[in-house]
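Below, each structure is written out as structure tokens.
Same chain, two partners: chain A is paired with chain B first, then with chain C.
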Partner chain A sequence: MRKIVFWGMHLLAGFLIFFFLLWHIFYMHYQSLTKAIGFGTHYPLIFSEVVARAKTAGFKIAYVLFLIFVLYHAFYGLKNILIETEFGKKFEIPIKILIILFATFLFIYGIFTTLKIGG
Partner chain B sequence: MKEIIFKILRFDPEKDKKPYFKEYKISVKEGDTVLDALIYIKENIDSTLSIRYSCRMGICGSCGMIINSKPELACHTQIFELKSNIIEVRPMHNLPIIKDLVTNLSDYIKKHRSVKPYIIRDDKEEMDKPKREYAQIPDELLKFLQFSYCIKCGLCITQCPTCSAYEGFLGPFVLAQAYRYSIDSRDKGINERIKIVESSLPNCHFATACSSACPKGVDPALAIQLLKRISMLNSLGIFKKKISEIAPEPSPSPDKDKYPKAPPPSV
Partner chain C sequence: MKENIKEGKVVKNKRGILGWIYLKGGNFERYLYALHRITGFILVVYITFHIILMGSRSFSEDAWKKVLGFLGITIENGVYKTNPLVHFLEYLLILVILFHAFNGMRLIFTEIGFLIGKPSRPEYPYIPKSIVSSRPFMIFLMIIAFFFAIIGIYEFFLIH
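On to the complex of A and B.
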């Protein structure tokens, strides 16, 4: 894939993170609004209800997507910053490999945690 | 007339270990430019001072330097407009110093050449022996017109934070010229150019310092953002551009014989 497309995906991931933030605020904190349009929960949840909701397929998919967007946006940006430095110029390929490995580790750890929510 | 102190950064790589400031006190009058003062110093006070200039009217882009901490063309900067009795003059940042105020732009000239800053066509016969011009409507011209005012003075490089840190970055004016030719309706070389520039494009963080520095009012930061967009669309195969064809042969005026003939040449 062309390098400029990876950069485009970086922008897109940034936009989607912002979208997820707006969605979070709307869903979790504007309960009178969600009640008015007949959507979501309309009262504060107790812990067991929160855990039960986190086990639903929709929430798990949303968590995984959010994890992908955040990891891609963060580590692509970090790679771009690092390779512009004096240090990065010398070790461009090792830096890229390390970043990919670290991001992959965090992704696997994140997936594991998401799937294990609520036991 | 007014007495002004010029603090000029001097450096001869063959003699000096590090750059140092040298002061010159001269009288200047209204309308004098910094270049006028530098030429006066070189001709009358210190002939060892090295400066580069050519047109003296803001066209050639040879006399770019840092004047009172701002990137300026020396020929385009009037001394009285600086409103200071002490004027500090340095060579451009982010470029190796050849001597005193003369910097080496050859690396960026090579980068400029690498992006093929000319019209690329596949109709070679027409390029070698043109019959007529390629037709272009005003709207197509306006897409690149401002970027064609670039004089390659290098002041945008001086201010660019990426150029100061990353040698691999092509630089603002080079990328602006890549966009200028890629968006030109007469050009068919966008694919060749994008392969060369695409690795540099994500390194532009849109600080827009290049656009603030440009003495000709060109906006290289805008060109880079637009180049990012057309590069991405082109990579995804959805970039469309109308290509200019050769203008049709003009039909002769039916009233041609009624017009008076031009007088014979006087010289």
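On to the complex of A and C.
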């Protein structure tokens, strides 16, 4: 039962990432198009713009949610792939522990850097 | 896993992990499965570096510029200059993301039972109905992904 819940969360996170990711790609990489239709910026990597963007509540909430969904989806998927292998079957528990620790580190670092910039 | 059960007997899976990318005789969805795993691996590695490197923005402007410089991006008077190889790799990454995202959407819809049709008696030539029924949706998603990839060519190589 628990596995189904985790798997369902993996799917749900994937579904939500889809929309975040398209927005992210358009905003950060398809600048001329997004600028032409009235949102976005030509130079999203300039420090002043990065800081100004990161200080707005909307972006901050979006970044945190994006981080949570991406980390869960990515590392749960990685765990599933790894424990399918002969090696993974043998070391299932250590692999799970390592993945959880690593994802937690990235989560704390990601949250810290996202919130710190906004002051 | 190296062992499979076939006709009641345990047989060795000689291919092991290479079975993931052994595509001979597979249908189109089998290729998508292999590509989904490969792109998934690439994205896990990428996202790790992305989170760590992009976090530099919260330390100082110098740290941010150093990271951009390390990635081959310099900004002078508000204008980007990107290392051509990095720029090309960035576009490849967009392709990887688009494929994984749109194929993932297909997998989610299939997983929850949409578009796979009702169960029916297998008939010659025994092509699984679940695959045939969901194929138009897969083609539709791949066309949209392709469309976004074309916009990417315009944005990455014709404008910048």
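Everything below uses one rule, namely that the second predicted complex is superposed on the first by the 90 of 119 C-alpha atoms of A that agree within 3 Å, B and C clash if a C-alpha of one lies under 4 Å from a C-alpha of the other, contacts with A are read in each partner's own complex, and residues count from 1 in each chain.
Everything below uses one rule, namely that a contact is a pair of C-beta atoms (placed from the backbone, for glycine too) under 8 Å apart; a residue touches a chain by one contact, two chains touch by 3 or more.
The structure presented is a predicted model; accordingly, all values stated were derived computationally and were not measured.
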Which of chain B and chain C A:31 touches, first, second, both or neither: second
Partner chain(s) touched by A:2 [first = chain B, second = chain C, both, neither]: first
Per-residue contact with chain A, leading partner among chain C and chain B: C
Touching partner for A:95 - first (chain B), second (chain C), both, neither: neither
First (chain B), second (chain C), both or neither touched by A:110: second
Touching partner for A:51 - first (chain B), second (chain C), both, neither: second
Which of chain B and chain C A:13 touches, first, second, both or neither: neither
Those residues of chain A which chain B touches in one complex and chain C touches in the other: 84-86, 89
Complex contact set, residues of chain C against chain A: 1-2, 16-17, 37, 40-41, 43-44, 47-48, 51-52, 54-58, 61, 64-65, 68, 73, 75, 78, 80, 90, 94, 97-98, 101, 104-105, 108, 111-112, 148, 151-152, 155-156, 159
Residues of chain A that touch chain B when the two form their complex: 2-8, 10, 80, 83-86, 89
List of chain B residues in touch with chain A within their complex: 162, 165-169, 194, 198-199, 201-203, 228, 231-232, 235-236
Touch list for chain A against partner chain C, complex: 11, 14-15, 17-18, 21-22, 25, 29-33, 43, 45-47, 50-51, 54, 67, 70-71, 74-75, 77-78, 81, 84-86, 89, 106, 109-110, 112-114, 116-117
